[in-house]
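Order of writing sets the labels: A, B, C and D. Residues in every chain begin at 1.
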Amino acid sequence: MIDPSWIAGLGVILFGVGLIGVFTRNNAIVVLMCIEVMLNAANLNFVAGTMHYGDVNGWVFTAIAIAIAAAEVAIGLAIFLSLYSTQQTISLDDATTLRN
Amino acid sequence: MISDPLTVITIVPLAVSLALLILPKISGSAEGLARASRAISMGVSLAMLAITTMIFFGEIGNVDWTDYNSGYSLTNDAFALIPSIGVQWKVGADALSFPMIWLTTLLIPISMLVEWDAKKGHLFHPLILMMEGALIGVFVSLDMFVFYAFWELTLVPMFFLIMVWGGEDRKYASMKFFIYTFTASVIMLVGILVMYFYTPEVASSGTITGHTFDMSVMIASSDYIPSEGLRHLVWLLLLIGFATKMPSVPVHTWLPDAHVQAPTAGSMLLAGVMLKMGAYGFLRIAVSAFPESTVAFIPLLIFLGMASLVYGAWVCMGQTNLKRMVAYSSVSHMGLIFLGIATMQPLGIAGALFMMFAHGIISPLLFAVAGAFKHHYHTLEIGSMRGIAHHSPWLAAHMMLGWMASLGLPLLAGFVAEVTILIAFWMSFGWLVLLPTLTLIITAVYYLTSMQKTIFESNDPHHGILPDTLHGEDPRDISWHENSGMIILGALTILFGILPFIFWDMMSEWSSGFLIDTLVEAMQSEGVKP
Amino acid sequence: MMPELIMLLGLIAIVVVPNLGDAKFRLPLTSVRVPVLLGGSRFELTNDPRMPNRISNLTFSLALLSSLLLISESPSEVGGILAVDSFSRLFSTMFLAALLLVSIATTHRLPAKTNAHIPKESDSESVFDRKISILIDNRRQVDFYILLIMVGLGMTMMTMATNLFMLIVCIELASLSTYVLVAFHKEDGTGGEAGAKYFIVGSVASAIGIYGMSLLYLWSGSLDLEILRQSWLSMDGIDPFAAFGIGMMLVAFGFKVSAAPFHLAAPDAYSGAASQVSGLLATASKAMGFLALFRVLVMITVPDGSEAIWMIALGIFAIVTMTWGNLAALTSENPKRMLAYSSVAHAGYMLAAIAVVGSGISSVDQNAIILTAVSFHLFVLVLFKLGAFLVLALLETEGKGHEIEHLYGLGRRDPLIAGSMFLFVLSLAGVPPLSGFLSKLLMINGIVSTSASTGSSSSVDIVSWAESVDPLFWLAAAIVLNSALSLFYYLRIGLVMFFEEPSTEKSLRAAPSLRMAIFACALLTVLCGIGPVSEWLLDTVSSAIDSLMYE
Amino acid sequence: MGESKNESGLLAFILPFLAVVPALYMLEWESHEASILIVAIPFMTFPVILIAGQIYNGTEYWKDKLKEGGILALGALGASLSASLWLVYDYVDSLPDFYDQQSITQWLEWVSFDILQSDYTLTSGTKILGMGVWIDSITLMILFVATFLCFLICWFSLGYMNTDPINEDRNHRFYGEFVLFALGMFGMVLADNFLWLFIFWEVMGLCSYLLIGFYYWKDSAAYASKKAFLTTRVGDVFLMIGLFILYDIYGSLEFSVIFHDPSLDGMVDSNKLFWALLMMFIGAVGKSAQFPLHVWLPDAMEGPTPVSALIHAATMVNAGLYLVARMVPFVDVGHHGVPGLEELGLIIAYVGGITAFMAAAIAFVQNDIKKVLAYSTMSQLAYIFTGLGSALWFYNNDEHHAAVVVFGSSMFHLFNHAMAKGMLFMASGSVIHEMHHAHDHIHHGHAEGHGHDFDPQDMRNMGGLASKMPVTATAMMFGSMSIIGIPLIGGFWSKEGIIAETWLAALEHEPLMMGPAILVLLTAGMTGFYMSRMWFMTFAGSPKSEVVNHVHEETPWIKTPLVILTIITALGGFAFALLGATDYLASAYDYSGHLKLKKSTLLESIIYKLEYAFLPDKMNLRIVGWVTIFLSFIVGPVFAARIHGGKLAEGESSTPLVSWLVSLSSKFGSQDVSNLSESELSVALQNRLYFDDLYEGILARTVIPFSEFTAWFDRKVIDGMVKQVESKSVLGSVQIRNLTTGSARDYILMATVGMLSIIALLWGINS
């Protein structure tokens, strides 16, 4: 069995990747994906915690977090769609009519 | 007759003015509306004047104002407003506040009268009425929270008066007025809150903070503030708030702008009563609560007073705008109040109180005159006209009287205050008196020069030199309502110059009692010799 | 759980009712047609596009009523992760009040035409399009209120959460709905962008928060607040997992309360969204964030009698936030952005107050007072912040409200609305005797009374005292100076409303329900400042906080 | 023309006023109870005149019957006069003992207060700064002078002011302010304490300002009024300081308290007292137009002539003298005075001497008849100051007899000068008035602007008026004689004493006194010259302009007071001298004196008096006396006659009272001094020794730039800081708003930075 700390370590890496991704990438979809990655990092921690403490709550958390992520994707895509329909872009740097 | 007259004179104007501001809009606007709301406002303010006058004559409440030891008179049964934090509706008056209350009720109808039909719309007079309620509220409330609320509430109607009916630069002036004084009062608020925190725990249930805003309790419990440094700091914070309102150099620059832009009635109230709030608050709260700090900071008081007085007078001389000059002269005169308090003599403090009152009737006259110039000659530029006395003899006469009163001519109200303060000042500080006294010369110079350059010297017995701003219109003298307002103020100026004891006696008694009760101990411990 | 149940019912009703029609189901093999009510051509009543609004109003009214009645309910547990007490009821009352106001105020947001017809083939293209858009608008009414009730559910549930995860889930439920609400008004092209930005930044923040939460889970093995507190108290030194976890959760909540530098999307979102929604974000959503901060910071991490680890961070962020907000608002030409920045500044004031709670020098009583102050401020913010947004909403009904010029001469066009607006901005600025003053006073009082006593009692002059006093004292100074700064732009609104020439003399749209909401806000803004109403509110808040602090 | 009408019926209007005092007498009032009327009646009248004038301006009744308020004013002043005569009558021979005297009545408790003493307790008993009435011989004398002259000059004004069309519809202002002035003067004299003395003093200052500026549209008048007010204000401010110090020393400003024991049993610090008195003296210098605050008085002649007569010659300018006279008890070491204040007497004497000489010198070159009189006033007042200075010096050195003589002479000179100068001004007013009318008469029908070049006050346009205006010429002759000090007439009886005693001090006691002594002696001769010059230029010789031929005296309003005052001037001096006025007036600070003949019969008294005047005991005094007589009686007038004297034109003759003088003036030959008048000294004198230029230059270089600097400082620096805060905030605001770039990426970046900094703060600080 893998030591939970490895799983958590993977989570840290994933979180880092996601975090760097969200502010380096310009495409809203990619950013959304990065957010998913970050959420998955959290999920890994929950899993690791469950393994470490033998507490099933972690799994429940993971499941619900996945649900949240799914909802987020659904809503996010819908919003991006509406952004695209008005501004013909989903590039974050281009959608800057609201500023200052 | 009226069981709680102070509450009545505070609430009624506020309520009526709110009703007048809101109701007509609901019922739909009509042409006669303006006239009706004007008449109602005037009626209410006159009723308030009647009440305070009856209070003075003992018809209501039967108060002996010269009795210091009886404390606050006309108090009500405290009525809890926000018991959770110890806020009450508690009113009362003593010889410190009563002259100010009477002055307020006097100036409100006069300022309405002076601008009787100068302003369009139905909002002007109700706003002045609102001023009345707020100003009286400041003077009567014995709860610090309510005091502060009224203190800030006075800004709102004045803000509108300046903003809506002001001069060309009214936007800047009203903003500056509001922000400047508000900032100072929030700083003061920090001081008040420290005082609040050190009030003793009140056992009565219902408070969540365990403290009370009751003014007398707060003042009495200032001793519980453990550190002298903190007491000084709180005193200083309070001073910032009050000195800005007075205003004292170097926090005075809001005043000239506000005055120049304000409509006549606004200026009259601003100079007549609002500036006095600063001095009143300083005595009522800062000095009462922190006598030791006051005594320790006497040099600061002298500095501020001197700076305002001397510097203000010099700045006056450099002004070319009549109203601006008059505004700076207010700064200059307010400086004397600090000097009077700094003397730590009953005479000086009573002089300061009388200064508050005398300046309260003289400066409205000055501003009424300046406003009349603006109204009838459309300019305030000193030197843009000459020989106006020929066209506007009444205006010239009022100008003469007001200017003379302000420069401290004997038998006019201002002199009483000036001479008493300066006598006390000599007794306490000796030759330092040269500075304020010599400033009286400067005062005379700028006043006389401004008169010479407006109402005199046209070099033609039958025509004045009219300002360009008149655009060839026929010059007029002031209208009957302006005139009657100014005549009342002028007559009072003379009356209180000759018979100052009408209010002086109570002020003097108050000062003596206050000094003995509050300040003497601090003077002894600080080693300040009378 | 009564309010939640009511909302659930409302949610169902709002989904079902507009679909009710005369559809009949023919029993197979018979000609008996049994009405099933769902589908078919709808009844006149259910066909009314204003129906969803009415249902929503009714739902929120009932929920608010029940919440108010239950406000002093004795605490009860629900399933181990929810607990009802007067503190949670207090906040759900606040949320419901805000939502009710928004719901009432949105009656006129979208053009709801009762005489919508299905376009015919014979219609010209423009008529065809118009008919279609009317139909779409009418349909959207439902979506909007469904989302609104979802927000309500998320928020009220969130108040009761005793488990951190539950807390986050409820916040997400509310947040995700608000993202959509922000993007909802997408016709003018800004809604989509506003929603996208708000969504992206919000999601990142909540992702960070959830990650932080997972770290806490790794650290303590449970996310129950009570257990977390126990582990925190028994923690030896500072565990990096705990510190990182708390820090990351602060980011998530910081975004909710729009604290700098997490607030950057907020002005964009507020200005892109419908004003009612912006108002909701600035009040209820912000309150939600603060509630979460209470739970996490105050309930978990405040040690007894010593300084909390986040105290300095929070103090610094508080100052940065209030200064940033006020400075940015100073020259803002868009009143919605201006209010957004002002909302940022207010978050700063409240953060400053909360920072004092963590200072370790304040007694439990003082903490209770500070939390009371903050809660009270959040409560009255609903009145005047939302009220100000509603005034802008009224302007929005004529396509305006996003430029300061649109406020020009409002005083002449509609004095009562302008007067209310002026009241709102004065209250925001903290001018007595309005409620904004009372709440700000309580907060400053909390800071001052806690910190002033730390000064050396032997100091005889100001300088030595100032050196000896706890730096927290200067938070009060920061608030005071910021309040002064804020006056510039608040007064500017008053100035342009009463002073500038309006571009049109036309009076504003009637919109009676919106006006009613505005006037209710204005009236309560005054009443909650001084007198019995404020006393009642303060008392309620205070006892609710007591139930939180002394249980 | 209006003035030819018989208007004596108008006097009926003043009868009710005059009836007030008799009525009160009938009601068994005491004179001291009625004393308040002296001030109260004018006080009630002046607003009535001002307001009624403003309202009823131009109506027939107001203009013709009430003379635009003049009749009301006359009535009020008549009532004051009667009340004051009553007071004088009651007290003139029953003065209370000075040092234990109390105020005879209290009018007003103005302000009352406590004082915190150095043991931190309040004084027991409340202090009061109130107003009461104080009576002694000086009070009575000045009160009489003031009420009498006010009444007469008001009478004169009815003829002078109301006939000049330029004053039409403006006279109510004149009369109102005139009455207000009168009340100030009366109040000042009656006041029983220094504060109220000062208060009324300032009221007079105000009226002086208002009346000088009566022709407010004239640049020169507006400027002169301002100058007068400000210059006296400088003095007043110092006077105030003096009062503060005085109050500090004695805890009161009331005469009865202070004079009871001015040394407080030797406890008074003479240095402090010296400063108090010196400060008060500066006030007196301002009010009485002495060097160096003298610059306002000549300009003050811009006011109407009655104003010059009353305020700037006969009454107000005496206030300074009155104040200095009140300093005697402080220095009178014989009676609880404080020793060591000799310098004060010296300073006062020097100021007086310098002013006397300087003013006389400037008067040499003046051609404006009123200016000559103005400088003469200044010079004569300076005489009195010199006398008072010597008196103070004597008192302080316990030279009691000399002190009493010179003090009494000074006060007596005040009386003589007031009467003579009031009359001289009225006479000059009469001349100016008639010249003006004659000029208008000649140029009647000509274009309006034509007459403006003509100056009716310029003596170079006059000459030979003795035949046209016999009454005026007579009056002026006696007036000038009194001022010059022609033996036996008016001022002679007082001036001799001043000069002699000053010399006494210089010769026998204090060499430093030599300065003032020489100066006043020289001035005596100079006075002889310039007064004679004025008279000769005006009345003798042949007419220097055509206007003179059309001059004729007419209105009785003008003649009546001239005649009355001529009699008083001519005979009053001798008469009062016989009655021992000098001693009586000095008795204020000594014992209860009585106004009575020194010797048992009139003849014996006359002989005694003459002997005393011409052949005093001490040789050096005798020399001084005769030198004075020689200079003033012989040298001055003869030179004047040589330069300006001359016969009247052919066919003109005058009354015998003056014609002898005219013909005498032509006997001394003539001398052309035109080259002298172009000398540098003469130019300097014409420019008033450049004092005005100096003051103006200093003010223009210091005060005005400094005030402009402060105004700039206030606008740019103090308010500039406020504006800086504003503009910097706006700048910061724009910059900080630019951080909201609109790109969600940047927002996320910022949030990440925020997260990292939070973690750093949490983790970094706590581990």
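We take it that a residue touches a chain if its C-beta (ideal position, glycine included) is under 8 Å from a C-beta of that chain, and two chains touch if they have at least 3 such contacts.
No experiment lies behind these values; they were computed from the predicted model shown.
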Of all the other chains, whose mean CA position lies farthest from subunit C? D
Centrality ranking, top chain (CA atoms only): B
Roughly how far is subunit A from subunit C, centre to centre by C-alpha average, rounded to an integer in Å? 25
Per the C-alpha means, the centres of subunit B and subunit C lie apart by a whole-Å value of 43
From the mean C-alpha coordinate of subunit A to that of subunit D, what's the distance rounded to whole Å? 98
Distance between the CA centroids of subunit C and subunit D (whole Å) is 80
Two-or-more-chain contact residues of subunit A, please, as numbers and ranges. 19, 22, 28, 31, 92, 95, 97-100
Out of subunit D, which residues touch more than one other chain, so two or more? 737, 740, 742, 744, 746, 748
Considering every pair of chains, which are in touch? A-C, A-D, B-C, B-D, C-D
Across the complex, what residues on subunit B touch subunit D? 176, 180, 249-250, 252-253, 311, 314-319, 344-347, 350, 387, 389-390, 393-394, 397, 400, 404, 409-411, 415-416, 419-420, 422-423, 425-427, 433-434, 437-438, 440-441, 444-446, 448-449, 452, 455-461, 464, 498-501, 504-505, 508, 511-512, 515-516, 520, 523-524, 529-530
Taking the complex as given, what residues does subunit C use to touch subunit B? 365, 368-369, 372, 415-416, 419, 426, 429-433, 437-438, 441-442, 444-445, 448-449, 452-453, 455-466, 468-469, 476-477, 480-481, 483-484, 487-488, 491-492, 494-495, 498-499, 529-532, 534-535, 538-539, 542
Touching residues on subunit D, where the partner in the complex is subunit B: 50, 54, 108-118, 120, 122, 126, 166, 195, 198-203, 206, 209-210, 213, 215-219, 221-223, 226, 229-230, 233-234, 237, 240-241, 243-245, 247-248, 703-704, 706-714, 718-719, 722
Mind listing the subunit C positions that touch subunit A in their complex? 165, 169, 172, 176, 179-180, 183, 186, 189-197, 199-200, 203-204, 207-208, 210-211, 213-215, 217-218, 221-223, 267-268, 271-272, 332, 337
The subunit C residues in contact with subunit D across the complex are 196-197, 200-201, 204-205, 208, 237-238, 240, 243-244, 246-248, 250-251, 254-255, 260-262, 264-265, 267-268, 309-310, 312-313, 316-317, 324, 327-332, 485, 488
